[in-house]
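Both complexes below contain chain A, partnered by chain B and then by chain C.
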Partner chain A sequence: MRKVSKVAKAWDRGFRVLAAIGAASPAVFLVSIAAIVLVESIPTIRFMGIHFLTETRWDMGNLYGALTHRNGITAPAGASYGALVFIVGTLLSSIIALVIAVPVSVGTALILAYRVRGPLGFLLNILVELLAGIPSVVIGLWGILVLVPWIANALAPFLKSVLGFIPFFGGQTGTGYSLLASGIVLAMMIVPIITATTRDLLMQVPLLAREGGLGIGMTSWEVVRYIALPYIREGFIGAVALGWGRAMGETMAVLMVSGNATNILPQNLYSPISTMAAFIANQLDSAETDASGMAVHALSELALLLLAITLATNLVARWLVRPRRRGGVVAP
Partner chain B sequence: MKLRSKWFAGLAAVAAVGVVAGCGTSNSSSSTQNAAPSNSSQQAASVAKVTLTETGSSLLYPLFNAQWIPAYHKLHPDVQMTAASTGSGTGISDAIAGTVDIGASDAYMADAQIQQHPDMLNIPVAISAQQIMYNLPGVKGHLHLSGEVLAEIYEGKIQYWDDAKIKALNPGVKLPHQVIKPVVRSDGSGDTFLFTQYLSKSSAAWNQNYGYGTTISWPGLQTEIGAKGNQGVVAALAKTPYSIGYVGISWLDKAVQQGLGYAALENKAGKYVLPTSATIQAAAQEGVKNVPADERISLIDEPGANSYPIINFEYIIVKDDQPNAAKADALKAFLNWAINPSEGNSAKFLTPVHFLPLPTSVHAKSEAQIEKIKG
Partner chain C sequence: MRRRRRKWKSAFGWGLAWLAFALVLFGLVDLVGSVLWQGIRSFHFSMLFEPTQGIAGGLENAILGTFELVFIGVVFAAPLGILGGIFTSEFAPPRLAAVIRFVAEVLSGVPSIVIGYFGYLLLVLHFHWGFSALAGGVALTLIMLPYILRTTDTSLQQVPLLQREAAWALGMTRTQAILKTVWRPAASGMATGLLLAIAIGLGETAPLLYTAGWNSNNPSLALTHSQVGYLTYVAYTYLDEPYAQARQLAYAAGFVLLMLILVIQLVVRFVVWRSAARSGRSAA
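And then the complex of A and B:
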């Protein structure tokens, strides 16, 4: 047995302090961010009450006019903070992103895990990871220059003519800056996450089970449908939840293609929208010129809401993927 | 053993909270900005190194970053300056909080804010303007538009380009029966401030329902596009046929290159004028007659047959009570240089960013405000 020197002990103690700080920091950051956002939003919670969630009109009031008082709070005249437009925009755009991204990701993951080997597989894997590394502002720029005009001129009229009888697909085809453009841009950003996670899960499916399936005469599709997908189901839901969280929090790319609608709910797929994250980024500068400070408090409440929704998504996903039976895959 | 590691983690957490909280409350403004006199043996020179920091307006940023700072640093190597493009609102609030020395803004501070912070000065340093641009394939020349018609377009009351009210202003122009797509700035912006102020002065209904500000609560329209920054607005206009929007004058050339047209606007005298240096100067000459001592004034819709209706002062926001004399002196010296017509306000610096110099009478008022800065 080695004798432990004093120096080694001191190093060990130092290491433990460092490790403890490191381990504590995620909790500290989460709690302090949540606490600051919560404290900052208390004035708006008192000012607006439940109407914050149910009203569509967001008006910082006349910042160049007099201040008024309501519910014991001082605010600019005409101020009203209703976040429903942004809540709806965030949920709808992220759900459209999932509808597009999930099938694409599963298909790509299956090919990467089971079909391609060697240099081609290597290349495809690299490409998926590179897609994840594209800065969102670059995707947004592509959205403005290519995607938005294409939606306005081709995709929206096409969807309307084919699926126009379904309520949300009909109506005015708009400017291209839309719910649809936001959903497509978000889908591009979450495909890499869902694909990479699903691919790793698929590689964990025991070879014996897959060979067994093929051995009893199953087709490739049947092996995927009855053996591989059920095996990874729980982990896969976790992967989708990860993508969903990312889609709801994404700011810059959505801000550039959504049309940043305010005071109006989307009427169809081609309507302009705004998301909570993009709206906060857009409005903070003007909010800081509000002498009463209420505009900043209102944006804080929006941030609190976004934080709560993304945390809830994560918790629900974790509850869904909780270990239930032996052999199940725990979410990554 | 287990207990001890828990104790460590708890201690670390408390320490980390303390650090985070400390960052939130400490005001790191003055400590970093004033280095002591560099060397005691060189007291004879006795020039303290001073750092001046600027944040704010993205319209003023190119003037600071590419023109003023390099030129001023050559003249005064002892003054270090940094600039950041953050948006006017952040510039104002940073200057109030004292985290920067100079806030740059396209809009003057509101009365309510001045009452809370009476030590803030709003000093004009240049004149800017804004044009109304549109993407109308097949229409040549400049459309005639009025504030009232623009207000109804943005309210959604006028929906098509061939509306009778637009036709009445443009006899002989063949306008298409297409839906108008209004473009607005989604981020807080001095351009929104100017445009909505023009609408408020032209239309009582607009003033009543929407008012003006760096961000306003726009009428919700399905056809409306919210775009970020002047470049975002220009891109949206260029890619969207039958759109209309407002763009800062420094973007005029780039936008015209992309095929956009710009309107001749109705002024107070009922004439339709294009934004040129002559019409902007004419409006400024009218506007300066009413400039108060604190220089917070709108220059929108000035009288005069040749006055362009949407012009404004570009402001520098500073505190009149500076932490020390060295900083106050450096700030005064820089601001006096910046508004000097043969130095910072010369065409050499202003023309590249399409600003115009301050008229003489305003120059005197700005000088008087700069004198108020004390250490």
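And then the complex of A and C:
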């Protein structure tokens, strides 16, 4: 028998090393992103301390005036970096997005999984997946063209007249560039993500369990309600968490329709807001004009916070949707 | 009585589901329709061959810049991602493979603006590259890499073990087996992933704002210290301008972008559908 040649063995070893480098690269990038953003935000962490999270005023100070010193850090006089407005904006807009997207996604996933099949089902599946591929800047374009005028002229007055007695729904209806617009745009972006995951989960519900439900005389809706939905519950929560992480990290569409409020907390559903991601994108020019470099460090801390929040939701989501073995009737 | 109530409840539940479904379809159609409609009205073919001048002109610089940035992104992301996917599927023990997949998923969950800001801090400021094609390309690499890695891994996983064993039985090393036989059935899946990654790269804005800058001239071949224009920037920035011409340019940019991405997506679906139909499995 001929042995494997030395050359082939050397090639094999070399290729393995190359492949390992490729496989290690995501970890390397992830660690360097976290490390760089963390190191760059140390000056602001020392300068602002906990007030970064509790202060609403984001002010780069007088860039051409005197400098102040605090905790060994030099910053322009009057500088204050408080991110509360953006934290609140991020949380509120993403929660509104979830409130809209979750029921819509469940309904769509049910239809896609149980009600359409054959070529029509294939086509409709493609359409929903297409929505996931549309760039966020195009969704923002749609937001400015269609959504914002519609909110200003129709939706906001309507909501106010019907639900105006609830505190957050009353008050000024504004220009349409608002918390509500951000929430709807974000919902557009996360519906395909949640729908696709939920649809796949629904397809995994064992046919035997569903047929059993029908066999004891349940209606098809009761099968969904009492068998299919409880079966996918954990995975579904994971899918929602995944969508939530995406909604909090989304930048462009929100930047275009949020109204970019600074230094003021939203008063109602129709107030302009800003999110952490949108604010970072919005502040490029001003960050570059700050000779002391503190603005860059402050934005870096904002990026660090955003990274931490989205990573945490992502980890929880992955843990919930992880494939697992179940006992009982399950076949596959 | 009770049975009728349950029947009504069932109809009501499914009615809500259909309503949700109709809402999603309506949103998609309204979005694509209004952007295409505005785009067609503002788009002229001359825009493809004319760089931006001030707030008007064409999109040549942005289109070329987008292609340059995506090209640089793919040049880094494709080899790393494909090699990484091969390692995950073929060489790594199950535990390690799970870890690599997990890390790739986490990287794909990092908000794109954070990747852009990381690029700004490290490449633009520390490395002194300035706003440049290379910085933008590397930022796009980070977006595309986990995606390419995952699709490569998934499509290799679908190749039956039998094929590898047959290759090993002929005395091939693992590397030879992968490079000579195993990659073939997985090739269409890998190509699909690569194309979709390119579509993602084309549509990204946030990672480029802080790394590529903007340039109203056609991109030069300089990799660093020379800003590059790109399509999504036009769509985002020129929409805010008070001039009709600038807004038209923004709509046209959105239109070109949407067309590019729709074409890639549809081609990919078509290829997947064809290969699924040919191998006799049901298309889905």
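Please note the rule applied: the second predicted complex is superposed on the first by the 312 of 332 C-alpha atoms of A that agree within 3 Å, B and C clash if a C-alpha of one lies under 4 Å from a C-alpha of the other, contacts with A are read in each partner's own complex, and residues count from 1 in each chain.
Everything that follows uses one rule, which is that a residue touches a chain if its C-beta (ideal position, glycine included) is under 8 Å from a C-beta of that chain, and two chains touch if they have at least 3 such contacts.
Nothing here was measured: the structure is a model prediction, and the numbers come from that model.
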Exercise. When the two structures are superposed on chain A, do chain B and chain C clash or fit side by side?
Worked result: clash
For this session: Please work out whether A:Trp11 is in contact with chain B alone, chain C alone, both, or neither, and reply first, second, both or neither.
Result: second
For this session: Report for A:Phe122: first if it touches chain B alone, second if chain C alone, otherwise both or neither.
Result: second
Problem set entry | Which of chain B and chain C A:Ser286 touches, first, second, both or neither | first
For this session: Applying the touch criterion given at the start, work out whether A:Val162 contacts chain B, chain C, both or neither, answering first, second, both or neither.
Result: neither
Exercise. Is A:Leu145 contacted by the first partner chain B, the second partner chain C, both or neither?
Worked result: both
For this session: Mind working out whether A:Asn263 is in touch with chain B, chain C, both or neither, as first, second, both or neither?
Result: first
Exercise. Of the partners chain B and chain C, which touch A:Thr175 in the superposed model: first, second, both, neither?
Worked result: first
For this session: Using the touch definition from the top, say if A:Ala27 reaches chain B (first), chain C (second), both or neither.
Result: both
For this session: May I ask you to decide whether A:Asn62 touches chain B, chain C, both, or neither, giving the answer as first, second, both or neither?
Result: first
Exercise. Quick one: chain B or chain C, who's touching more of chain A?
Worked result: C
Problem set entry | Contacts on chain A seen with chain B and repeated with chain C across the two complexes | 16, 20-21, 23-25, 27, 29, 32, 36, 144-145, 255-256, 281, 284
For this session: State the interface residues of chain A toward chain C in the complex, per the touch definition above.
Result: 2, 4, 8-9, 11-12, 15-16, 18-27, 29-30, 32-33, 36-37, 40, 103-108, 110-112, 115, 121-122, 124-131, 133-142, 144-146, 188, 191, 195, 219-222, 224-225, 242, 245-246, 248-252, 255-256, 277, 280-281, 284, 296, 299-300, 303, 306-307, 310-311, 314-315, 318
Seminar exercise, completed: Within their complex, chain B touches chain A through residues 5, 8-13, 15-17, 20-21, 24, 86-90, 92-93, 107, 109-113, 115-116, 181, 186-189, 211-228, 232, 235-236, 239-240, 243
Problem set entry | chain C to chain A touching residues, read off their complex | 6-7, 9-14, 16-21, 23-25, 27-28, 30-32, 34-35, 38, 79-88, 90-92, 100, 102-107, 109-118, 121-122, 125, 142, 145-146, 149, 171, 173-176, 178-179, 196, 199-200, 202-206, 209-210, 232, 235-236, 239, 250-251, 254, 257-258, 261-262, 265, 269, 273, 283-284
Problem set entry | Contacting residues of chain A [partner chain B, same complex] | 16-17, 20-21, 23-25, 27-29, 31-32, 36, 56-60, 62-67, 76, 78, 85, 144-145, 148-149, 152, 172, 174-177, 255-256, 258-264, 267, 271-272, 274, 278, 281-289, 291-292
